[in-house]
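Next come two complexes built around subunit A: one with subunit B, the other with subunit C.
After this line comes the complex of A and B, so read on.
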């Protein structure tokens, strides 16, 4: 113990107080940090803050005006995502282990944070009363502090001792993750929170009575967590199956599409259209593709293949501009893309069979998604969009990244292309998009875009915003990726050429993987920027997560008065955004580390 | 039968003429060493043979196929000709085994298991089967260059080009690469080697050429080339290098 103490003194002397300037800096920054936390705690605890304005409005924050009778759809969406997450965590189960003392050191850190709070929190904080006069009040009396100090000090001591027992039981890190997730679920059934209750004359009862969390919140979460665990175990059973892993990765890509076009949207399906239109289109296009795959090695087909492809491209090009069902247009487009790769992929009988399966599944998925996406929704809300609050933020963030990333890759490749027209067009798109502020593009989406669309074509505002977002962040992605492409040494291209790879193989197998790996940090920061920038849609009248806290809640006055409580809501919003972006950047650091394995 | 035939090949980089008309033939199974001072055009010349550089005049015929702008011909020739570079140019994001199996799987369209079997065979042949699952960055220079040789051989080429394969290596690693090349030469592979390793030239080559300022100034058997050089430029070169 004594030795340890000496060690820490030595550490402090070396790292914190090594010279007079560094001592000054250490002290100054410590004061700054302390002051920051004192201010934060004081702000949060002042009696004029009504944190129930946040807690009571969770539903509004998450889904805004989504009708309550269809909430099951929201829960199914969340549930699906978490089931997928459970399955994936199981499939890619970590092989690392943590010892029990590492677990205790985590708990120690949490209790230290709690102790820090009880020690640092200021006794007095300033409060603005109804007349706008700032006063000082005692918001954290000494008795309360002592009552909290003793248990938190005990917790710290207990966990410190437990940690230093050096218990060497090992736990798998993925198992531990599930254990940590279980903690809030269990707490949900135990703790009671202050809740807004109204008396008979519709007045709020003060002080707010402590009530258990509503069943409509904790039951779904518990069920979802149960499913999460179940699929975690299923996933860990199949962790050696490459096929299931591959299917899982593709499912992740399809999941948001499926959620937003079917579950969240509740599309209005009419059977005659499906029977009379969708199914014939599916069968027809599927047969064309399947026949091409089957007979591709036939000498006659091989001879006329390029003519066939040319005709197909021409038909698709025309089809895009005439008014036929959107499913037919998309299916034709998919057919063209597929036909282009057929000669490269299908050489053996087995390869052909697999390709036909892939073709069928992807065409079917496309048909299902298009039917859901292009049908009207049965969800009626007073506002223009069924997406509001966090569901809108999420939609913009996911789909913004989703469409803009591949677009960025294409634009970057196009800008580096040898074909002058392609290069010119791609450079033009990139420069045009980047040279105009994002807000201008948003106004373009809300006001001007209708002028540019052909007559009769009209997209929802959210879709128009998604389109400009895709281009806007796509252009930034493209420039980042181009930077990555330039970092690839010339020798890599030459080596790929020398072993006879085609330009497509060279790009997809050699150049792109290396270029993308080199720019993961920039890509993640672009994705984070897209996530945060989605809050700008508020200026064209969409109601996102931030707008709810800043604008909507501040105007609620019946039956509970939350006017003027936007500051605590803003703090909550900042914290909420921080959790997501921080997690994302942490994950990306891990991915980077893992991929950096083979680097010099 | 000559497997490579060039006729009056000329090449310019801007105003600078790198090749001033090279005519030569290589027979099947022959080992040809090209040496010369830096800037003499020897690297440019062998890079023209698999179209990493484009020659502007003259003709190059490899295995009966003439090199033109026709992409089909270029791809056909590239799959016949393997190349080993001075700076190895392994793919750093792939393991050694993946580096070697990449071309057979994607270009030759062979099955994965077959390619991996063949790749292990080749890695054994160059003496590093135990490194198969490592990444190039974890290997020494000599080991990397041997992987590069295995990668080129995986395409089952008829001709191998070596562009100063030992110039970027530490002295003690040069031998292991040269040994792999000697073994390859003895197995009857047609090889064109640009190198300054005169020991290798003496021991293995069937013919030695000296390039200077874009021209081939001397062409001879190794014994004649080293013991009885005809050209004054060769004498000067040998006096400097030996």
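After this line comes the complex of A and C, so read on.
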């Protein structure tokens, strides 16, 4: 008996069977957990379940009625996100390494779990027949079990031996991640799945024939994975460059905006307007902003700065009410905002250069959004909302968090402000939004908001829902962040004042970083809540991920016949939500660890 | 400039930006102002370029969404028919999947032009809610479904469900009908209400209730799918309620009402003459003057006066089909047949009847 085995016996005695009550608890809990698993397995394996109702409807689940000829846009969005992810993993490459035996021990655990479940899985499962009588049927016969048992036992042995060889090759953890991701891609080309096939009289063939995965699925994924790898290597080459890292961070912030405005709408490329109107406006405004930033500290300029600002505000004010291109209006507004902020931020040469870059990027983003967003040629969908299924859930979750987080920061800072009017307004918004249930806000968006808006103004339902979602989760974020702000000792503020920091610097360099760091767990749980709460939109007639499985798939009759197969779909939906929330919470734990949360 | 001034200016400008971005979105999202009082829905629809049709989120055989996102079903086909009549292109339609709770609000708010959503024509809905109902496309009626094992036969009546557990949708006319009917028949029932019909069937299969009740079409469809023709019984033979299902549109808009009504009538007339999408091109319009008028003879005077193109109803038959085609395509696979029922031709003793095209 080797030492490791003795160790684990000792561990079990200490932790699971230390006293009589703890032994009873251990046995009872394992009994319940096993029973639950056996029930679940029996449910999934029963012959009256049609799991193709899930597999066959993946497209419906993901994008609902999005037109097939425009799928390239969806693939580009997914690809862009994964390329960015690859680049970031490369740039922030982990310095940790795992040895080969650690990798094998991971594989060993997976195959042990597989072996364990193969052993304990029930042979019989219960099926309710049409008379409502529960019958048992053999769903997992001995031959099948043996066919699975032997290879998994072999795998366990192989990995156990490999692990104990104590091979000392070291692999970088980020490299390993790429390797793990390659496994499903390779599997996609090998495995065959049951597919719905129709015979000549348009009837479904039973049993469903095994077919390789469709090229329209595996080719894009393979290309995307290839790009992911390529950008991972590019990223790891430049992992010491601070500038690229900064650019990457900004790009992450801009990505959802680009996807939203560019990929989900067919842009109307009107070259004469772009060349004759948009580009001159962009260059003009950009130059004015850049010049302002460059000469801000010049003593002569500073003397006339307030006059310049006044004139600028006056021009912008007038511009809002006359009919000029919308791009010019919004660019002017952005310029005013920037000109006001400039004196508050650092004015060193390097700071100025960075500021000009930030200015250019913001202006460019604004231009793209305004032009891309205002194009009339939308994607034609056969239903009212272009978003449906997971794309809607994702939109609500990402965009909700994306808009509400900055809003929350502003509201929290505003609530702590010394200016009474700001404080009052922010407190009012927070308290009003939080004191009304989310469902009520959804009904407000669906039914009442149209009455509140001025004559002739009409937003799409999705936009209205996004607006209330942003405010609702914004208010919760604000309260969380306020909690973080209160956790910062007064000495920090005083120290920042003592070294002569401006209020802007104090907030952005001293207060916010510490406040946000303290509340990462709450922020993540807020984000998870927003993700899950998005399924509530079903009550106002938006078809989200859950509704597809619960309502739509259960009515598909000819020729696939999925009527009555809603329980399989509910199980799948639960599993899908769990994957996302679990990944999110695990990632946030890693971030906490890296920031050393709870160690100080 | 003092710090305070900067901060207040900053906030002011933020508000301005907020207003302006809102304005930007407004200009993007702004729709043509509609004045419902003096513009017909028909003009609105033509101007918009597509029809907005309200359908059910999911009703087997009536409105289904396939795995590629496309729509199909009995109700959906009538949406296609109206689009074919107005635009000559059946695909110019945008569907809105509505729950039963929001269908009338959606219609009243102008979010849909017409409802083809299993909506029963009742007096209160017609008179109080600002709706008008078109010709009934499907004559349905509430029935019950039970098991042979419980002693239920096709000749059973409401009196025979005494002491049984009945599952039905909460807050619908279905629920009212069964409580009323059982009370009149002197049967004491235990009512189990669920949110959706699918849930009721799940409970029935699981043995949590002995009877389920809803519209007969749904029961027949579900029985066919579950392949239990020998075990499950639908009764009584004549339904316990009348559920005429048809199109619904806003009141006081007879121009639009005519378009919807005559699209339905055109499919019925074509069925009476046996004209299908396959043989519509070879119809001898001189021998059959009514069809000639319907398909655009005399420069399609009848249609152009309605504000449609002369060949509007030809397009309906050509692209979507006649009533019988729509019916058999969607409902025959579910075990719902026209023969001998209320949805048969009037010449065969059914109720499907259209006024003459003259």
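Quick note on the criterion: the second predicted complex is superposed on the first by the 524 of 600 C-alpha atoms of A that agree within 3 Å, B and C clash if a C-alpha of one lies under 4 Å from a C-alpha of the other, contacts with A are read in each partner's own complex, and residues count from 1 in each chain.
Criterion: contacts are C-beta pairs under 8 Å (C-beta built on N, C-alpha and C of every residue); 3 or more make two chains touch, one makes a residue touch a chain.
Just so we're clear, the structure is a prediction, and the values are computed from it rather than from any experiment.
Once the two structures are overlaid on subunit A, check if subunit B and subunit C clash or fit side by side.
Because the two structures are overlaid on the shared chain, the partners are seen to fit without clashing.
Who does A:520 touch here: subunit B (first), subunit C (second), both, or neither?
Touch status of A:520: no partner.
Contacts for A:498 in the overlay, against subunit B (first) and subunit C (second): which applies, first, second, both or neither?
Only subunit B; A:498 stays clear of subunit C.
Looking at A:193, would you say it contacts subunit B, subunit C, both, or neither? Reply first, second, both or neither.
Touch status of A:193: no partner.
Looking at subunit A, does subunit C or subunit B touch more of its residues?
C
In the combined three-chain superposition, what is the angle centred on subunit A between subunit B and subunit C, taking C-alpha centres, to the nearest 10 degrees?
The C-alpha centres give an angle of about 140 degrees at subunit A.
Go through the superposed model and pick first if A:571 touches only subunit B, second if only subunit C, both, or neither.
So A:571 meets neither subunit B nor subunit C here.
Check whether A:422 is in contact with subunit B, with subunit C, with both or with neither, and answer first, second, both or neither.
second
Could you grab the smallest C-alpha gap between subunit B and subunit C in the overlay, to the nearest Å?
When the complexes share the chain A frame, the smallest subunit B-subunit C C-alpha distance is 8 Å.
Both subunit B and subunit C touch subunit A; at which residues?
In the superposed arrangement, which is not itself an observed complex, subunit A uses residues 502 for both subunit B and subunit C.
Report the residues of subunit B in contact with subunit A in the complex, numbered from low to high.
Against subunit A, the touching part of subunit B is residues 50-52, 75, 78-79, 81-83, 85, 87, 89-95, 102-103, 106-107, 109, 135-138, 151-152, 154-155.
List the residues on subunit A that touch subunit C in their complex, please.
Going through subunit A, the ones touching subunit C are 56-60, 63-66, 68, 128, 130-134, 305-306, 309, 313, 316, 320, 326, 329-330, 333-334, 336-337, 340-341, 343-344, 370, 373-374, 381-384, 388, 419, 422, 446-447, 450, 455-460, 463, 502-503, 539-541, 543, 547, 551-552, 554-561, 563-564, 566-567.
Show me the residue ranges of subunit C that touch subunit A in the complex, using the header's touch definition.
Touching subunit A: residues 1, 3, 6-11, 13-14, 16-17, 20-21, 23-31, 33, 52, 57-61, 63-71, 91, 93-99, 102, 105-106, 109, 111, 147, 149, 196, 198, 201-202, 204-207, 221-222, 225-228, 231-232, 330, 333-334 of subunit C.
Per the contact definition, I'd like the list of subunit A residues that touch subunit B in the complex.
347, 489, 491-492, 494-502, 505, 509-510, 513-514, 517, 595, 597-600
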